[in-house]
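Common to both upcoming complexes is chain A, partnered first by chain B, then by chain C.
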Partner chain A sequence: MSVVQQKIEVARGATGGRSRRFTFTPTVTVYLALVALLVVGSVLVGVQGGVLLDQGGILNILTRSTVLGLVAVGQTIVIVAGSLDLSVAYLVGLCSLVAAETMAGSDGMMVPGVLLALGVAAVVGLVNGLVVTVLKVNAFIATLGVALILRGYLEENYTGPAGSVPRAFQHLGFDRIGPVPVGVLLMLLVAAAAWWYLRRTRGGYHTYAVGGDVDVARLSGVRTGRTIVIAHVLCAVAAGLAGVFLASRLGSGAPYVGTDAGYDLESIAAVVLGGAALAGGRGGVVGTIGGVLILATLDTIFDDLAVDPFFKDVVRGVVLIVAVALYARRKVSRRSA
Partner chain B sequence: MTAGGEVVVRLTGITKSFLGVPVLRGVDLELRAGEVHALMGENGAGKSTLLKVLAGVHRPDSGQVEVAGRPVVFSTPREAQEAGIAIIHQEFTLLEHRTVAENVYLGREPVRRGQVDRRKMEADTKELLDWLGEDGIDPAAPVSGLSVARKQVVEIVKALSTDAKVLAMDEPTAALADQEVELLYDLVDRLRARGIAILYVSHRMREVFDLSRRITVLKDGAFVTTAPTAELTSDQLVRHMVGRSLDALYPDRATEAELGDVRLALRGAGNDRVRGVTFELRSGEVVGIAGLQGSGRSAIARAIWGVEPFTTGTLELDGVPRRVTDPRAAVRLGIGYVTEDRKGEGLALRQSIRDNALLVRRAALPGSRGRKRSDLTALLESVAVVARGEHQEVRYLSGGNQQKVVLAKWLAVGPRVLVVDEPTRGIDVGAKQAVHRLLRELARTGVAVLMISSELPELIGMSDRILVVHEGAIAGELPAGASEEAVMGLATGHGIGEVA
Partner chain C sequence: MTTPTTWRPRLADGTAPVLAVLAVLLVALAFTGPAYSEPTGYLALLKRAAPLVLLAIGQYFVIVSGGFDLSVGSLVTAEVVIAARLIDGQESATGWVIVLLLGFGLLVGLVNGLVTTKLLVPSFIVTLGMLLILDGAVFLWTGGAPRGALSPSFRVFGRGGVDLPVLGHLPWSVVILLVVLVAAVLFMRGGTGRTLVAVGDNEKAVRLAGGRVDRLKVLAFMLSGLLAALAAILLGGFAGVSAQVGQGLEFRAITAVVLGGVLLGGGRGSVVAAAAGALTLEALFSLLNLLGVSGALESAVQGVIIIAAVAYAALGVNTRLRLRRRAGTPEPAPRQ
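This part shows the complex of A and B:
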């Protein structure tokens, strides 16, 4: 064998034929963790004489997942794009008010109310996106700034719940189709749409590219600015839907309904728990939903066990850190391999 | 000899200034179909800017770009792409976590009924890979699992997928190991044979002479000459680039009188990458380590420095057995390491020259903080960094100046042993010589230098002795001035000089 030939062998051999085995991707891990949590939770609740996974329990978990799921699915898109949205919590409150006040109890105003709320959300998302791309402000600061602006507006103009939705509109919040609440279906529908966008459309491909490496994306001819702006608009619209849904459940708009539940940081936590890289370029809707379900399951278990709420937060914090540390470990070991 | 093929691209009188500083002053360039045309010049000569003009990244201030005889004005990279011009950038432009096909068609994904047509994308990628004879790459596999050479193939396929007629390659071998360079040669040859015009930018003389049919030289943004490669000698080429001939390419080797006591001694050292490593390194000596990529030569360096420490055998420093368990321990013992990955591991790119130069001293030798500012100035002068000032961020420096900052970082702590891995990768001829001289001067002050390089002429030119590594063990030692054949013979597991 000549040297050159051998050299070629060496170079070719370097990659080897790695067989595609089943691997513990973050998405797989998060669902395995969810199953484990359900098992452990069932045992713990069972020991105390309760049942975690009866129909009521499952519905409880799903219902808890609805609003956070909507917000987190949107958050997934911006995080994959390498950005972030801290304004979603105030936006949820704002949109619940816009919807409820526009409807003002009248059946005929339901559609305009929803559309106006989503329109307001889209505008806020557009502002977020433009501040990040045109003014080149770091997303953390940009969306924090927008969050503060929204808070200022809400505090100036509202002291408590306002507006009211017609009875008919409350079907969205309380009805079920078969055993499944309409809200859960709405959330899953939005998740499916987001999944389709990220995994099947050019916009989605470009979102991963921009988050993975913005310079690479630009050099490849991707309109990076537009991709990021679209991500922010989609995220904001998802948050707007969450607001609309909450208006339906509460019967009116509530300025702090989003911040009280901490949807800003909670949604980011769910996305990261679902395996997305905070730096962008990796992650997905399926993982995020897993993250949301884990958080919701934890809450349900703790409620069933009547655990001290402070301890609850401690456990949530630990779970989040352990999950991200696990993902990081996988990356390190793969690199050194 | 006139180059065959029709003229695909002609640039005439291209000028370009940034903030009033002229970077290109009237450059002409002509590319013909099926021609490999080398573009040479020192760093800062304007090669990259010219590439970017060609690629539609920059718009020239004056001058004309013609494609297939018709004048064009590109205002975006996309327009250049559509005209059949593709650039392969020095840094890879691949997304590690996306698949080969996703990378190849990034920004131009085929769409069917509102969805990305994955199947078509992968089939088309496969077709291009086959066309290039690279059927071992799976279009659906993520890029992160590919070797560097294969990533480059993906880059090239990405460029070709735009129906490129002109392929500009900026330092395509900078990230490749020796044996991978051969594969690239082969690939360039196949591309040329298929009628693609290739603009080849490289600092490596040998590649340029091996591959190109014509060479265009730039100096300080000005056009110097275009000449058939066959009519140029490497001396003439260097003179064109530098404007003077580089006297004595490498500094003098150490004389017996300059060699001192044994500084570093390894006896039977090993870990899971290398085994039975035994050699001595004397003060004042530059010892080269040769070996193919993956042979373990870098693993030895990284073990000495404690990144992946030796687990067996002994390491003695100035006669005292030591355990180097991590880089911090190495630094405190006076062992320095210039990494092959300058941008990733060598420098904090967004920090100033000053902060980078003081990084090791501040981190590992606390208490020396009180040194005077003039120390630093003297240090930076001694390595001859060219910059606007010591507060300039290092990412704005040329590769050569960045490497000088890395060296300054180690000089600042006065090492006893300095291990340098690919010290001149991707830097221009002038800076290369400066680095060589610096390393030799350092040796003269009593430092023991261990140098890894895959550029054999450099390794042979610099080293007082050469150790050749093959499959994780030292296959042999060669004296100063050994032949390339002898080194390659040992490196590929044959005997000395047994190379076809």
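This part shows the complex of A and C:
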């Protein structure tokens, strides 16, 4: 739906949109906000005698956004489809364990470990999707339930880190190609793939249609159930990749690595910050990456300024509410215009 | 909505299943635990469950009007930490601190409600932001570890009770719980409560009919905040001061409400069922405990149960409608 809307807007802008030369889509807004944040942050850090955007600073921001970026890109797909996934945080931990325990330090098991972790993730995503579509359970409850089940499994079987990855596999977490870390490239690659899926394939257009209005989509001949299940599987696989990356970074699997960072709610926050509507049908990967970068930049600035870590949460909450309030305001003014 | 004179069903949709499950659980408890062979065991259960039931009732107001309140868990933590810090063991401070706590709960609810209705931010996001803000602010203020202590008279609400001639020892928390429950039922049966449910069912219709939708939604959030404050006072007395006291309570309360057959998205469900859902959850945990199921599996069981409960409700409604259609009766409009 929103793709169509945006197309219409583009057309309007090309023909007679003299009244507005430049449309502030949420995606544009979020990147403008990012630039503004970088400028303000640079000044603040500069006043204290530091430099925000030297090579180390940029690397810091990018590294911070890798894992959240992976999870949030997947979350974008489900949210666009009008669903949401609260199970990603435990899934990240589970996949890091599956990968690390399968590898168990041997080089030969690297590929099976990664594949098994992604396979587990896909199965969890499939369960999420089927519970939502076949059992008709509200996505909030369905994925919360699956999250609790995963949590029970993790708490029952693990008390701390387990498994170990071979040294060769740690290249994924620590190497750089030129100045850019491999992990960031992986994240951008996944983001590009998700962008391509959402914007360039039939499945992606169906995802927007289902998120916009599931009944209209069904009456138009879209297989809505299948679309939602695919969205959940893709989201889970992205979270699985995040788990695999974390296993490589930490050297072993950690059950609570995902929940400690709060990736479930944090990724939803990033997606919404990127201009997606929680009700579905609007949003995109590009905006989400902007949202992730804003959160990572905020973190980096606060670290450079040596701000109390708990203050970060407060600011994050305020930023989230203000951003969504701005988007909502814009939508209303457009509707009334 | 029907007029009060023809208001027939004593049990709203979805209340019967949860009451049946609760009854089964209570009987099972009587068979497994020797403590449950007399009323005191059940009173203890009720006392343990009181905070969650209060939270579930508060969450019910928000959910039935079409929203979410994710901030109650961190609000409970904030209230307990604030209470400990301000009272700091002084008996004389207890009275005004309790008033302040209730006021703070109302204030947080007011902010949630105003941002939701005036700035048009989805309540999921508002209360998620509020969760982050409260968590961060509390720890910022206390420097990471809660300090201070609660006074004995503050803890009386969570721990103490009154000795009655027939019933024996009646905990204060049970008394508070019953008072709140009766008040909530009366509220939901009054005009305001009915309109609140209608807001969750069809906001536009209520607005066109002249209902003050925004004011009702703000009221729902404020009630949720107030009850969270009350739950915090009970929890503080019962469990003491810690920074984890409210952790995960928001999801537990939502689980309880959903277990009571209340529809996420609003418009359907009764407050008694929501309270029964919370009690069921607590009874289930007690039973699992008695059966020797480890605490780790508790959350897994909770997960399976909420999925099953909602799936039952969703599929059940569909099947019922289909059966009615097949029987040839005209489809009745969904009733409250």
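Following the convention adopted for this analysis, the second predicted complex is superposed on the first by the 316 of 337 C-alpha atoms of A that agree within 3 Å, B and C clash if a C-alpha of one lies under 4 Å from a C-alpha of the other, contacts with A are read in each partner's own complex, and residues count from 1 in each chain.
Criterion: contacts are C-beta pairs under 8 Å (C-beta built on N, C-alpha and C of every residue); 3 or more make two chains touch, one makes a residue touch a chain.
As the structure is a prediction and not an experimental result, all values here were calculated from the model.
Within the superposed three-chain arrangement, the count of touched residues of chain A is higher for C, of the candidates chain B and chain C.
In the superposed pair of complexes, A:Arg316 makes contact with chain C only, with no contact to chain B. By the touch criterion stated above, A:Phe140 is placed in contact with chain C alone, chain B being left untouched.
Within the superposed three-chain model, A:Arg329 lies in touch with chain C and out of touch with chain B [touch as defined at top]. Touch criterion met: A:Val216 reaches chain B, while chain C stays clear of it. Residue contacts after overlaying the shared chain place A:Val272 against chain C, while chain B stays out of touching range. Contact with chain B, but none with chain C, is seen for A:Gly281 once the two complexes are overlaid on the shared chain. Contacts from chain C toward chain A in the complex involve residues 68, 115, 119-122, 124-126, 128-133, 135-137, 139-140, 144, 251, 254-255, 258, 264-265, 294-307, 310-311, 314-315, 318.
Touching chain B in their complex are the following residues of chain A: 2-4, 6-8, 10-12, 14-15, 18, 200-202, 204-206, 208-209, 212-213, 215-217, 219-222, 281-282. By the touch criterion given at the top, residues 76-78, 81, 89, 93-98, 102, 106-109, 111, 114-116, 136, 145-147, 149-150, 158, 177-180, 182-183, 292-294, 488, 492, 494, 499-500 of chain B touch chain A in their complex.
Chain A contributes residues 131, 135-138, 140-142, 144-153, 155-156, 265, 268-269, 272, 278-279, 308, 310-318, 320-321, 324-325, 328-329, 332 to its touches with chain C in the complex.
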